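In the two assemblies presented below, subunit A is common to both, partnered first by subunit B and then by subunit C.
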Partner chain A sequence: MIRTYSSTSGRFDWTGLAFTILLAIVIAVPLLVVFTWAFTEVWRYPSVIPQKFGLRFWDQTLSRADVWEALSISLRLSATVTALSALICLPAAYAFARMKFPGRDLFFLSFLASHAFPKFGLLVAIAAIFLQLNLIATFWGVVLIQLVGTLMLMIWIPVAAFQAVDRRMEEAARDVGAGPLRVFWSITLPQAGPTIFAAVLLTFVSTFYETEGAWLIGAPQIRTMPVLMINFINNQVVIQYGAVLSVILWVPSFIALMFARRVIGTGAFAKGFGA
Partner chain B sequence: MADTATASATGGSEPAIGRGLKGLLLVALPVFLVGWLIIYPIIAAIVSTLFVEATDGVQFSTASYRFFFSDPYSRANLALTLWTTGVCAVLLLLVGLPIALYLRFSTSRFADLVQSLAIFPMFVPSIILSYALIRTIGPNGTVDILLNAVGLPKIPSPYLTPWGPVIGLVWDNLPLTVLMLTAGLAGISNSAVEAARDVGAGPIRVFWHIILPRMGNSILVTISFTVLGIFSSFTLPYVLGPASPEMMGPFMLRTFNDLYDPLNAKTQAVISFVFCLFFGIFYVWSIARNQRSQSR
Partner chain C sequence: MARLTIESLRKSFASTVAVDDFSLDVADGELVCLLGPSGSGKSTILRMIGGFEQPTSGAIRIDGQDVSRLPPDRRPTGMVFQSHALWSHMNVFNNIAFGLKLRRLPRSEIRRKVEEALELVGLGGYGHRQTFQLSGGQQQRVALARSLVLEPKILLLDEPFASLDQHLRERLREEVRDIQQRLGITTLFVTHGQDEALAMADRIVVLRNGQCEQADAPDIIYRNPQTQFVAGFIGQMNFIAANVEGGTFRHPHVSIAVGVQDGPAVLAVRPEALGLAATDGEAGATVLRSTDFGSHIMVDVELADGTRLKAMTSPSIRWERGARARLVPAAYALYRDNRLVDSGRVEGRATTAASLDVVRVTV
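Right, the complex of A and B next:
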């Protein structure tokens, strides 16, 4: 998007200001409320400001065994799913970007299938299969169902990254005698690397927050962080538990925000979804 | 895309057949996963809900579908789901289109800020959003506190009503709507808009006659994508929505996990597939077409 200053130099951009203020209120207020609750000890209606701030509920939340157990399961699940996904998808992405083989276009489009059906219906259909395979309520059952959800992201974004690599540089390296592995390591990977890293990171974060599949397949043995959150919300034990967990859970998401901004800002992401 | 592949196939020293085989081997695993964990379960769900085991072997039966459509509770859940999906799609367009138009044509420094804000919800997991909305628009939440502070009466809280999930889903889906619409608007040339302006067309006429016809396709893709996402959404309706009737997502989970009734859960899933079939087909078709036009 090219923006020149000339056309609006005379007028103040009231529309922009209005959009900014409206969006800021709608998007920031709910999040600010959560942050405030996390550092609040007493907040009774109708006071606008909490009566007592403090960190008491951080100690209480962090001393709960179920929180640590859920965090450990969530981290192990996300790491396993991301590693598996990268292991099987990145070579495939390279093949889709660089090689010609029968059925290539059809196979490439087949990953759309995960987005072409209402997701929860698809999860139920998979769960019915897992029921026969005794994968319900097992770690690997959840890994498999979360792995399916990562396929498209882990193939489509890296394919675009490999295609964006300057082929002339690869050929030049080959001309001066570099072997295929060395070309890949010294030329291809540094250029495609950041985008691929962003895809890996997005996969990790989206797996970490994946709720539906983890609950449908994992319940009741495998309880991930988001599933624990739902429990806290439904049972309304102490309001602050949910708030403190939200703030803690926010950390991985925020890291992703910093790193993945470049992939998403360029509109590559929207293209990945078909716009 | 096809160009680069052809170049590498002819440029490589290996015979084309060997390369083709290598390519197939590299993509085999993910493609197998798509077949095993997407295509096969869907076909299995359709077949196993229509051919049910009876006393004298497997028989064709539409009983579970007849049950779904004769059961008032199931019908109410479906109706609520359709209502929520429709309202969300309309609201998302009404909110997303002005933002996208602004982002496309604005030249001011607010544009970057607006874009960052509009994309921000993408980085807020729906579970955190659910919690945040309960505390904000729930009973005695922040909105009530603020209304009370300026001496206004409380609003009837949308929490646990059908409007709760609508608010959450619009919030959650706004970034992709804006991104997809902006990508669609990027294809409209400035000269077409300027030409219309030069002959005296106002902003509304420019939008109606120049912009809208050129972005019809991307609006449809955006709607298809949101409909597919919202129709069987789970977390937000489960946490923010009413317990009865419930949307298809929570309904399916309850049927499967709490009632241990895979047959009816699968039936509900297949019914969701059928209702979203048009949007799914349109979505895949338009992406396939984009891919093909890019590779030429």
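Right, the complex of A and C next:
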């Protein structure tokens, strides 16, 4: 008997499926375990599911003032850093994408290169400078250090987004009477919108989870959620505290993703990430 | 509405000269077609008029006022891009309304004008559509409406129909011509399609390497090309290269008395002015193929020196492949170093007296 296969396009893509399953396992299983732990009161080896579910550790965690304060600080920090980053980086990204000025390529390259070196050394150096400027353990000190960390993402992605905008569209807008600023605002920005929104979102989330800078500059007065979580885990071996905090930490990601879907629809959002 | 004057316009990019000493005067309400091979500088000229490219030197005047240093948003020009460049994040209505909003017109008036513009291009009621919900031809028409709604003094069209099929092109070009004449907008039209230019233009400018070869009415461009390049570029043309000796263009297959100095020259004869006469001698041209177009037959012949020619003959005579034919030109033009040096009709039977069975197709 002769078995016939349809052409390559019709053949079932096993590799793709394997990758998908592998990814799902690697990403979803740890999340699921953490999620389960957060609602567990007793879970002893070798049982596959916990012996006793409950919200005891949620009560204990949420009743702590330092948790709420850390959440508030984290949200304020992320919002401030993201806003400042967008304010600084978007015009810079536009300049990189559209304008020709001497030293443009060198500047861009040095910018990327600054992120190619180990970050912690850089942070320590910056911390030394901040110490002299009395920025250590202040809100704005942490803002500054985290801002530095976001610059690359907030320039790189928008540069690509701006470069992808059809020049003819911008010219057509000039043609009907729009000045350069108006063209940027009404044509370029909306055209690059989904991608830039993705960059803003990534910046917000990554700032929220940033620990090195926040810990080095902010401690002990400014304690963000991730820093607090590290403390919890270091001081107590109760796994549930960590789990509960983790689940709380997911919240901004989920809000951000939901917001993203609402604002621009899934298709455009995926496109923003290059899908 | 406006008169466009271009004076010795030049544009050089890093190493290439895109436009070289180009001058043109476009009268009020005139439609001028820019025609030329790829890379001849058509788009660059249009973009300089629109303000998207700075001239290296020269002046562009609209109604006498020099606009060559103004940014595009301050020029009274409207451009329709080859890629139509509609703003995909706006619907059709907002695409057309954008320029009006910038001019701070009242809402009701914007609405009215946009509706009018849509009607004008035959897209009434399409305002709410997204641009990607339109066919290619409809998108082009929206792009046209977007420019027209602002009532530009000068309309610039850069191959606006390039991506459309033959049928749609023909319809759109009639619509554009119609609208242009109704509104009396001075228009510059870049195209690759000769028939488009011949059908639409009041005047055709043939460009080559950034220079103007000839600027004339379509019929003159066709019937009286001033350079060998134009002769070959517009319509079909047969060229026969040979020498002029003692006042006669001498070629083994044709001899014509011409009034020019001795030396090398190129004889140009349109297919419809080239008759064929049957001959049995070895001296004739060889028929390669004949194609029946219904109204006429196009016969391809090859001369002894390898030159290939096309002759348009009446359907009454069949030409078999391999048959021998004698060339009977009815009208010719003679070029030397690209310049026209002589032209005329071949009178009587001076060169064909020997043969009685002359088949000639009148122009």
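Note that in this section the second predicted complex is superposed on the first by the 218 of 275 C-alpha atoms of A that agree within 3 Å, B and C clash if a C-alpha of one lies under 4 Å from a C-alpha of the other, contacts with A are read in each partner's own complex, and residues count from 1 in each chain.
Convention: a residue touches a chain if its C-beta (ideal position, glycine included) is under 8 Å from a C-beta of that chain, and two chains touch if they have at least 3 such contacts.
Owing to the predicted nature of the structure, the values given are computational and were not obtained by experimental measurement.
Student: If we overlay the two complexes on their shared chain A, which of subunit B and subunit C does A:Ile88 touch? Say first, second, both or neither.
Tutor: Touch status of A:Ile88: first partner only.
Student: Hey, is it subunit B or subunit C that touches more of subunit A?
Tutor: B
Student: Does subunit B (first) or subunit C (second) touch A:Ile187, or do both, or does neither?
Tutor: second
Student: May I ask you to decide whether A:Met229 touches subunit B, subunit C, both, or neither, giving the answer as first, second, both or neither?
Tutor: first
Student: Would you check which partner chain A:Ala172 touches, where first means subunit B only, second means subunit C only, and both and neither mean what they say?
Tutor: second
Student: For A:Gly121, using the defined touch cut-off, is the partner it touches subunit B, subunit C, both, or neither? Pick first, second, both or neither.
Tutor: In the superposition, A:Gly121 touches subunit B alone.
Student: Across the two complexes, find the residues of subunit A that touch subunit B and also touch subunit C.
Tutor: After superposing on chain A, subunit A residues 171 contact both subunit B and subunit C.
Student: Under the touch definition given earlier, write down the residues of subunit A that touch subunit C in their complex.
Tutor: Listed in rising order, the residues of subunit A that touch subunit C are 166, 168-169, 171-179, 182, 186-187, 190-191, 193.
Student: Name, in rising order, each residue of subunit A that touches subunit B in their complex.
Tutor: Spelled out, the residues of subunit A in touch with subunit B are 1, 3-8, 13, 15-17, 19-20, 23-24, 26-27, 29-31, 33-34, 37, 45-48, 88-89, 91-92, 94-105, 107-122, 124-129, 131, 144-145, 147-148, 151, 155, 163, 167, 171, 209, 211-212, 215-216, 219, 226, 229-230, 233-234, 239, 242-243, 246, 249-250, 253-254, 256-257, 264-265, 267, 269-271, 273-275.
Student: Which of the residues in subunit C end up touching subunit A in this complex?
Tutor: It is residues 50-52, 71-74, 77-79, 81, 83, 85-89, 98-99, 102-103, 143, 146-147, 150 of subunit C that touch subunit A.
Student: Which residues of subunit B touch subunit A in their complex?
Tutor: 1-2, 4-9, 11, 16, 19-24, 26-27, 29-31, 33-35, 37-42, 44-45, 48, 98-99, 102-104, 106-111, 113-115, 117-136, 140-142, 144-146, 148-149, 171, 176, 179-184, 186, 218, 221-222, 225, 228-229, 231-235, 238-239, 248-249, 252-253, 256-257, 262, 265-266, 268-270, 272-273, 275-276, 280-281, 283-284, 286-288, 290-292
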